[in-house]
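So the structure is just underneath, and the comments pick up after that.
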Amino acid sequence: MISVGIVGGTGYTGVELLRLLLQHPEVKVSILTSRTEAGKRIDQMFPNLRGYTDLEFSDLDIEQLKTCDVVFFATPHGVAMKHAQALTEAGTKVIDLAADFRLQDLAQFEKWYGMSHECPEILKSSVYGLSELNRDKIAQAEVVGNPGCYPTTVQLGLAPVLKSKTSLIDPTTIVVDAKSGVSGAGRKASLGMIYSENADSFKAYGVAGHRHHPEIVEALEQISGQKGVFDQLIFVPHLVPMIRGMLSTIYVDLTVEGQEADLQQLYETFYANEVFVDVMPANSLPETRSVRGANQLRIALYRPQPKKLVIVVVQDNLVKGAAGQAVQNMNIMFGFKEQLGLTGIALLP
Amino acid sequence: MISVGIVGGTGYTGVELLRLLLQHPEVKVSILTSRTEAGKRIDQMFPNLRGYTDLEFSDLDIEQLKTCDVVFFATPHGVAMKHAQALTEAGTKVIDLAADFRLQDLAQFEKWYGMSHECPEILKSSVYGLSELNRDKIAQAEVVGNPGCYPTTVQLGLAPVLKSKTSLIDPTTIVVDAKSGVSGAGRKASLGMIYSENADSFKAYGVAGHRHHPEIVEALEQISGQKGVFDQLIFVPHLVPMIRGMLSTIYVDLTVEGQEADLQQLYETFYANEVFVDVMPANSLPETRSVRGANQLRIALYRPQPKKLVIVVVQDNLVKGAAGQAVQNMNIMFGFKEQLGLTGIALLP
Amino acid sequence: MISVGIVGGTGYTGVELLRLLLQHPEVKVSILTSRTEAGKRIDQMFPNLRGYTDLEFSDLDIEQLKTCDVVFFATPHGVAMKHAQALTEAGTKVIDLAADFRLQDLAQFEKWYGMSHECPEILKSSVYGLSELNRDKIAQAEVVGNPGCYPTTVQLGLAPVLKSKTSLIDPTTIVVDAKSGVSGAGRKASLGMIYSENADSFKAYGVAGHRHHPEIVEALEQISGQKGVFDQLIFVPHLVPMIRGMLSTIYVDLTVEGQEADLQQLYETFYANEVFVDVMPANSLPETRSVRGANQLRIALYRPQPKKLVIVVVQDNLVKGAAGQAVQNMNIMFGFKEQLGLTGIALLP
Amino acid sequence: MISVGIVGGTGYTGVELLRLLLQHPEVKVSILTSRTEAGKRIDQMFPNLRGYTDLEFSDLDIEQLKTCDVVFFATPHGVAMKHAQALTEAGTKVIDLAADFRLQDLAQFEKWYGMSHECPEILKSSVYGLSELNRDKIAQAEVVGNPGCYPTTVQLGLAPVLKSKTSLIDPTTIVVDAKSGVSGAGRKASLGMIYSENADSFKAYGVAGHRHHPEIVEALEQISGQKGVFDQLIFVPHLVPMIRGMLSTIYVDLTVEGQEADLQQLYETFYANEVFVDVMPANSLPETRSVRGANQLRIALYRPQPKKLVIVVVQDNLVKGAAGQAVQNMNIMFGFKEQLGLTGIALLP
């Protein structure tokens, strides 16, 4: 049984963390902080939690947080990096669901998040929390930067071909056409996010540039060990009128070797032992609802033309794309069974 | 560990039963039948179950079903009553999620369901499975008729005033304005149910008469011990463009005693020990999403005028309104802790 | 051809007014004001208007507005009353889509809107713009208070029985269970209005009291000529996860005369000459999508019990419930054919 | 004033045709046929039409249809080709909204639609009804094959670069990631189309091959005058949980000339005189709701990388993607002003 703190429990990743952690057999959620809601019961804000917890929001008190075994930051970008040093010095592990520990390239961080990094040393020793790809390092980490939702789909969608010994794809040709439910934009009072602006409509956004682009590029370089070749990657996110769910359609040119390879087999083998990554049978059509509320990511492959590979990846942006992967990382960091507290079946319909 | 069979696993109550039972620590789902899909894996039809089960649909084989401890019928009306006798004689308990064991009045059954009852003797000894109100009988039952979704909200919404020793409401004045998500209509290829006929629109239906009306009347008579006074009950169901969720707004005139009573207190006391019924603080506004996927029913009370009581009840029609209550009844029937396998927190957002 | 000004064109009633007025053959929209967006083209904010207008938002300049024949206020409550006097003195007519000219009872106005009325004299001479019921007075009016959306459904739903010479209903028993799409709450950056808080969920709201309650009561008194008998009216609004559309289910006890009357015939006769009010055949089930985008209100009647009348009324809250009725009133005020610019067919699906 | 017949008025393109034609100043809809609903009033099936028409469905009577000036076929594939000869011989023009007159390649037609073509001679003389690109031929046509919805977005999205004198794009690199609302699948009682299977979820479909692929290829060959180079085009359609609306994201590699060209200017010039095609300012983000119910198609261009062009195209699949373009073609065929009856503004919100 470990003691857990959550900083910033008023957003969607916060309440999703609570949904998972309150049912986790090895966790006691001890502290829940909010800048704005101190003194309020969490179940007043999120009535789905009525009957499961008496927790109240408190002000962020670093001394109290130090008593936890691990602290999750479900905060805006820039908060975790203010507190990571104090916490790790006290032996408290940190899992940041924002972007403070995602990009190793400080210049990119400053460019895309508009702030200087406050603890570059800790950043250097932190681990990027894509559980399936960095499991060993996560197990040793004191600070984990939980990946962005879109980057999770792209990395797990491409890892099998990028990790292959022979060069199967042309890395300069990757196009990611990504689609997300609205909850990915968080829980903010913003005109662009209100119901009547989003329901029964569909649009692209962030075409001019999205913060997940540099994260994807850096991560693919890491996975493949190749620098520079992913700079031309195209990433166009779209907004779907649904609450949860993310689907990325990835297009990439195959090399001659790639055209001859049994890619379906390659993917199935690559993920054979992964409980949260599901390579579907050839020509399946994954739907986001097949992972609604579950820490699952499903992949399907197509070959509509001999030279092209199309990879479709689905996940719940709030679970495998955020809070679920964070709990998965916690399980790894504390030596728990990786699926502990994460075996809930997706809600369908 | 008990062995469970499910007859009719291709509908929404069927897949919801599976979602709950596959995670139930005392259950092994042994048999799953379908008239049309024998030989197909269930996770081909419902990909949310991929990784959780290898079950295949089989033809209904009564001898096989007799080897189960309990069989759930998630079938159209009229199926369970064909098999109940054979099963109970073999010592297999039956929980019917359709209407075969809801109405004790055979004439009403024939009128509303257009068929004669095939086992009136078993019907007589069967128990109406409103768990909170009939717990003791359910514990002894061989056959349980799981309540309709709307009737569950009306019964639990009115039970505290109907069970009160003093007469608090005028039973002749009850109006139930009920609203349901579309999944309540089941999983059928029907023109009226397609997406573009239901999305972004709202309507009343069944105003001329709905099968749940006689069920509600009979159940309220049972609860209150009063015959005849509920015949004038008005029940108007509406269809909400959402998948799951049900909200009933119940209007009733208060007697003089009722106007003077502390009804909020009465309700809180009545349900103080019920883990699945939540009486919210006065003037709360329950939302259906607060119970999405959870075996919870929440009640809020208002007194907009001195003489009127307004009761708002929400539940997930597929969980507390169907599959969840069925599992709750199973727990009661087999002496398990009532919340076993039913503690999942609602998915919000 | 008349010259029209719109004050406050950044909300949903504003853009809906523009959609209607830009296609109106006798209207030129000359001025469009906004406190916050002066200098911006309207079609930058609302791209559906691209190609239909070059209008830019300007600051509110009362002298400019005086050059218009009529000015619509699609503003928050309290704006129109500041300018009504100056405009009417200049011969410019005023149609307010907010509440400044809805309630004649000043105390009620202050109580519900939290402000004193700034032009009670003009209020007294203003006309309540329920087009079908007050047509003659509207034709003479200088200032029209456009009705609230919910009150429109209740008034048109009950007018035939209230205007009847014999007493057909018991006015003390009216229950209005109303349901609205989310656009009724306007276009505001508010946490409670964001997509993920409203989609795939249903709730009641305003149970403790809603501003449309006093408006309904005053209007029904006006229609029936009866004071005091509507004070016990119950009005419970609910929020539907759809953009546009409103459905009110009205429950009322019939008198003995009412039970014997041919109410279907009464309604059909009452509205026989109304182009925007459609009494549907007995037992019809009106859907909100049947009026999506159209200045139509449809009514259906049911008699589920001999003593009860159930009236279901649907409209598009932004059209017959707001901007459409405002244009209808403008047509009446300027002697145009009443359906001019309002004949668009509802968008279905 | 022309006399119009509609064959197959029970689907979504049929009711959308009616919405447009009943408001068209030069059209009288004389005949409306249905195999299954003869004798039923259309407004019983589609209550949005109540008050606009008394039309009843009749059986298909070819002699009656010959009395029309033009007959629209809003039928399944294979119906129009059975009647085209009889009608054109009688001087009645034909506009088919299905696929009978889209593909000139008979082998492709047979392959994708599973039937032989019944009037290949008429097919040869028929005109493909992409209004903006084939206007002159449409004006002379006796039979028009109205384009598929997806192909319309791809053709208008690519025409400016394909028609350019210098080669601006590499035609072998085109990827079309397309997204459609559910109404595009028609009005059919099919399990896959019901509300609870589609709401709050997103998926790809038809990845293995879609009938619009050969249509797109043939049309792009026609537009560009280049054979064979489009065979590798990738087309992946997705299903969006919304009723109407279609967005295609088109990715293509630029040639050296293309990288140096002012493509924004090129597109604006190309469509400068087109009333129904809107080239939005650089970096705009078109939403499908900006064209909901309107015969508009909007295009936006991006250059996320120097060598890549991304083109986003939106339309209402039932209007510019089907019924609206059909009416536009009718206007061209009969010498009416092209926007007659098609000037309705999109419904937003």
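The chains carry the letters A, B, C and D, assigned in the order they are written, with residues numbered from 1 in each.
Quick note on the criterion: contacts are C-beta pairs under 8 Å (C-beta built on N, C-alpha and C of every residue); 3 or more make two chains touch, one makes a residue touch a chain.
Given the structure is predicted, the values throughout are model-derived calculations rather than measurements.
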item	value
Relative to subunit B, chain with the most remote C-alpha centre	D
Subunit C and subunit D, separation of their C-alpha mean positions in angstrom	37
For subunit A paired with subunit D, centre-to-centre distance based on mean C-alpha positions, whole Å	39
Overlap residues in subunit A, where contacts from two or more other chains coincide	12, 181, 183, 187, 196-197, 199-200, 241-244, 286-287, 289, 292, 349
Graph class of chain-chain contacts, one of line, ring, star, complete, other	complete
Subunit A residues within the subunit D interface of the complex	175, 177, 179, 181, 196-197, 199-205, 207-209, 232, 234-236, 238, 240-245, 247, 249, 251, 283, 285-289, 292, 302, 304-305, 307-308, 310, 312, 314, 349
Residues of subunit A defined as touching subunit C within the complex	12, 181-183, 187-191, 193-200, 241-243
Residue ranges of subunit A in contact with subunit B within the complex	12, 15, 19, 22-23, 46-52, 183, 187, 199-200, 243-244, 275, 278, 280, 284, 286-287, 289-294, 296, 298, 318, 343-349
